[in-house]
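Single-structure report; data block below.
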Amino acid sequence: MVDLWSMILTATIETLYMTGVAAAFTLLFGLPLGVLLVITDRGGIWEAPLLNRTLGVLVNIGRSTPFVILMVAVSPLTRLLIGRSIGTTAAIVPLVVAAVPFMARVVEQALHEVGSGLIEAALAMGSSNWQVVTKVLLPEALPSLVRGTALMLVNLVGYSAMAGAIGGGGLGDVAVKWGYNRYQLDVMYVSLVVLVVMVQVMQWIGDSLANRFTHK
Amino acid sequence: MVDLWSMILTATIETLYMTGVAAAFTLLFGLPLGVLLVITDRGGIWEAPLLNRTLGVLVNIGRSTPFVILMVAVSPLTRLLIGRSIGTTAAIVPLVVAAVPFMARVVEQALHEVGSGLIEAALAMGSSNWQVVTKVLLPEALPSLVRGTALMLVNLVGYSAMAGAIGGGGLGDVAVKWGYNRYQLDVMYVSLVVLVVMVQVMQWIGDSLANRFTHK
Amino acid sequence: MIELKALTKVFRQNGQETEALRNVSLHVPRGQIFGILGQSGAGKSTLIRCVNLLERPTSGEVWVDGREITRLSPAELRAARQEMGMIFQQFNLFDSRTVAGNVAYPLEVAGWDRSRIASRVAELLELVGLSDKAHAYPAQLSGGQKQRVGIARALAPGPKLLLSDEATSALDPDTTRSVLALLREINRKLGLTILLITHQMEVVKQVCDSVAILEGGRLVEQGGVLELIGRPGSRLRQLFYEPFRDTAFHLHPGGVLAALFFVGDSADEPLISSVVRQFQVDANIVQGAVERIAGTTVGRLLVEFTGRPDDIQAALEYLARRGVSPEVIERG
Amino acid sequence: MIELKALTKVFRQNGQETEALRNVSLHVPRGQIFGILGQSGAGKSTLIRCVNLLERPTSGEVWVDGREITRLSPAELRAARQEMGMIFQQFNLFDSRTVAGNVAYPLEVAGWDRSRIASRVAELLELVGLSDKAHAYPAQLSGGQKQRVGIARALAPGPKLLLSDEATSALDPDTTRSVLALLREINRKLGLTILLITHQMEVVKQVCDSVAILEGGRLVEQGGVLELIGRPGSRLRQLFYEPFRDTAFHLHPGGVLAALFFVGDSADEPLISSVVRQFQVDANIVQGAVERIAGTTVGRLLVEFTGRPDDIQAALEYLARRGVSPEVIERG
Amino acid sequence: GGAKQSAGKAEQVTLKVGASVTPHAEILKSIQEAAAAEGIKLEIVEFTDYVQPNIALAEGDLDANYFQHLPYLTNFAEERKLDLVSVGPVHLEPLGFYSSKLSSIDQLADGATVSIPDDPTNAGRALKLLADQGLITLKEGVGVKATPNDIVDNPKKLDIEMLQAEYLPRSLEDVDAAVINTNYYLDAAKNLGVKANVLARESAEDNPFANIVAVRKGDENRPEIQKLMSLLRSEAVAKFINETYDGAVIPAF
């Protein structure tokens, strides 16, 4: 059973790699997208109904397309960026594409909770929109954003199991391919346990950071 | 092309049925679970570290298990409840099992945003924990809860595409079966468009309700 | 009604310790209106929050109505809290409830039935002048309107004890007067005990029977309002009266500037008049006030006496005999 | 500095309309400390929020520093706002920033460099007495401490105009006095114009040059503080002085109860004394105050005159000639 | 369960058959009318995965299923201790070795990437196909359970990538060659315009991977099952298969 453990180790690294890199890019795109959704909304600091509507529809398209189809749909993009559409690195592209709209909604929800009084105070002091976003909206919503990021990260772990279809590998894929499809229950249980531990750690870090950042 | 439209119609109804019923049950279980996570937490109104830890781990297990595996894992439960483990109705069980932990986290995030001053005010007036939850926590977090419910609903639509594996049917399944598995792009596009419209409507209703419930 | 015994509260956060209350012992008799005064950050809010256990004391005991509040079971604590109204410094209104809904909250908690709630809410909104805002949400209210909702909410269930953290700070003088009159009335008619924090000396003058003064978490003074005001050098007196020194007053040559202080009886006699007539001195009131405090007339005047030095001296001695205790501030 | 022209603001919500401001025209000269008074809900906060366009007027014009503020481009508006400090009724501190971080905010916005910010923040925290709380978060502060952070934040960038919505409502009298002294000093030294809302007559007495009084969204009175106080029947006078009627005073038979009011010069003479001596009447000060308002002595006393009716009459006439305008309230 | 022993011959009997969408469900649909004429109401439940149909059958949710080959069934029944048996093969879906870059196996360079299906039997079949072409050598006796871990000799150091079967035609751009189920390839060629050369094909002769109909043990001789089988293994069905599937599916009776 040397195989089992080396397989689990490889898969763990693959999962960490895929979700880690994907999470970084998801934050990179999802955060601004969520911010845009909030500030361009009616009553926002940079009202732009048309842009808001358009972004909303794009996000909804991303959110409603099944992940397997998304994987196929973005494969030209993946090939453009990574050179091929299969493999662990290639899986990151559809993961990001799937997670960004989700993250945008989570960010939107978090920012909506920032009191209007604080935004007013910032505006009254002559802040630019950029300053309102970076110095008030995001810092004030930080605990909620951190919780949302944990939510997104765990969702990514879930999606990454499906990325096995395009050779993404990872724990979820191992659990499905070997455990579920080939009835190697030991492989399945071990990989699931590692997955649960991984998610537990992510959630724990998220909760701790959120509490640390809460000053209310 | 008569087939296409009747297929889409059936699939639309299946999706609405699956996600609708699953959403109802998800709220039924996810809401209390999320509330419990918050009130049993350190500093909560009903501190219970052990229960909190246990619920957290259960939620994380649900969140980290790949959906295909979850479907198999819950099939004995499904059979117990529905009488069989395949078909559209049977698909609702794993959908609920997958969505409840997610909803719990979303509820947790929303309730964390309720100002401690309000909870204090409620306690100072001699409210029971139950009253704090039902009369303060939930109503005050309502806009955020509604946005979270929209998030969950759209996630359910996403999961339901995978429920095709157990004969769940629905738009996502059609899109995957025809578009992804059989490369029939017309069916895929039509079902995706219907899906997007459906998600758009859900999101729009969620946003409107959230705004309606916002009195800040 | 309330008895605090050696109450201490220490906040620990980020490794820093703040001793908000230090060994405070205090007795508030039933039916009194008891004021808590002190500078910003002195620990007033912390003290009042210890009474209904929103803040758990680090050490010490809190007795309310004969029971040690930290030792109550959760259910007993709830029941006890239902008999205490609280007005918060930051209002803490429920954003999701209308004005009427906010006032109805404690009644719902106490299990009143719908129709009784409706009429009680209407009655209270009438009292605080917000009947027309019954269906508005807190976000649509002005600061003072929010504060009045807080007052109505605290009074709604007819509590035995009212804890008030600056209940009138956001109110204009007229509205303040009417709220204070309301509190006085409930206090007299129903025996409501009130523990109130305030920075407004007007409030102390109009409604307080006794006060306690906190300084840096310690209790530095406690007693009846008149008693403390009558005591030269008391903190309450310092709080009431700003020092006379910032006047730009130029003494006449030979004039004597003296501060007069008189309470009750002496205030009802024409003191200045008598002095002027009896001692051949002139008296000019430079600054000061004669006012009703806790139902009694209290005067504090800065008076310039002019005339022959002997006469002035005699006049001052006469005043001293009449209980006015003149204090010479400056001689010209 | 500020010129409001026919300002009207209507709030529409849930089909209900609230006319918070109605046709208000107002001029605040540069370098003045200008008070806005009025009952709770009169529209004071709304007015001040129109000045920096936090609230967009329904109609009317807002001129600040010679420019119509509603017509500025977003960039111009930002620049204009950077020169106006604002103290909020509800503080609106950033929960995620420490006390120092809150005060630093407007300086960051204005693009100050790090070291200048640090020293300026330290200076301001010193001024408001919060140096030891620099690293605390707003949630760890008392009400008055929060308010002082708000004051420091508004003053930090050295604005030309300060908009203050009840900046001292949560402060004890001592702290209030020192904050007001600070505002007066900045006003004198740097020519800061201040538009302030207050319910505290102490604030008006100590720092305001002029005031405007709102009632139900309309401007009902406007003018210099002394001028308005000197005008019998003015609203400001009503706000300053509660009616004398609630005294439990029993007149002597034949006594005459009269209200005296005097400003400036007449206050500097021994009026009561002269009357007593010249007219063979006794004068007992029943209630009232002689105080410094806007740098001038203002007296308002309720005095019982006893003696022969003719003498009393002559005394009152003498007082009237001396500009005291006695008003007979009651005859015994 | 829907298994009803019909008392009267005139009564309609409902047969619930689980099937993959193509071609199984389509083949079943082609006999639906004929079955009805013989008093059998054929209810077709479509599945996209390969686990549930067997479980549903064992649990009694289905009367029969038609989606797998014998080795898969045997293996599955053994692992899960289910009493399921085959009542005969119907068709074969051969695997092909395709490439859009190469025109013959000889052109496979050292270190070339080859993608194969990731489901257990198709992976085994694909590896056997590669082994038959002399590209790799598999461990003695692994049979259908073969996985890339069972390769004992790989002279060309082929990089073998397991992907979802449906994705294989789409992976042709990314790999040098792919082992694809012929039906998937043909669908993709028709609908996506994928073009590739056939480097090799799984042989149809004596192929154990013909798709069979499975039932619970003991049901083999139920008259309606017998009827179903004779309908499925008829000339009409053979004709239907040959005309419809263009070589991607071939009759196996």
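Each chain carries a letter (A, B, C, D and E) given by its place in the written order, and its residues are counted from 1.
Heads up, the rule we're going with is that a residue touches a chain if its C-beta (ideal position, glycine included) is under 8 Å from a C-beta of that chain, and two chains touch if they have at least 3 such contacts.
For reference, the UniProt names are A, B = D-methionine transport system permease protein; C, D = D-methionine transport system ATP-binding protein.
Note that the coordinates shown come from a computational prediction; the quantities given were computed from them, not determined experimentally.
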Chains linked by the largest number of contacting C-beta pairs: C-D
Copies chain D and chain C - interface residue numbers shared by over half, same or different: same
Greatest separation from chain C - chain, by CA centre: E
For chain A paired with chain E, centre-to-centre distance based on mean C-alpha positions, whole Å: 37
Separation of chain A from chain B, taking each centre as the mean of its C-alpha atoms, in whole Å: 17
Centroid distance [mean C-alpha coordinates] between chain D and chain C, Å: 22
Inter-centroid spacing, chain D versus chain A (mean Cα positions, whole Å): 53
Residue list for chain D, restricted to those that touch at least two other chains: 90
Numbers and ranges of chain E residues touching at least 2 other chains: 51, 166
For chain A, residues contacting two or more additional chains: 68, 72, 115, 180, 216
Every chain pair in contact, whichever chains are involved: A-B, A-D, A-E, B-C, B-E, C-D
Interfacial residue positions of chain C with respect to chain D in the complex: 11, 13-14, 16, 18, 37-42, 44-45, 89-90, 135-136, 140-145, 147-148, 165-166, 169-177, 199-201, 239, 242, 246-248, 268-274, 276-277, 281-292, 295, 297, 299, 301, 304, 306
Interfacial residue positions of chain B with respect to chain C in the complex: 115, 117-118, 120-128, 131, 135-136, 139-140, 142, 213, 215-216
Sites on chain B touched by chain A in the complex: 56-57, 60-61, 63-69, 72, 102, 105-106, 108-110, 112-113, 115-116, 143-144, 147-148, 150-151, 154-155, 157-158, 161-162, 172, 175-176, 179-180, 188, 192, 195-196, 198-200, 203, 210, 214, 216
Chain E contact footprint on chain A (complex, rising order): 3, 68, 71-72, 75, 79, 84-87, 164-167, 177, 180-183
Residue ranges of chain D touching chain A (in the complex, touch as defined): 52, 54, 77-86, 88, 90, 92-97, 105-106, 108-110, 137-139, 153, 157
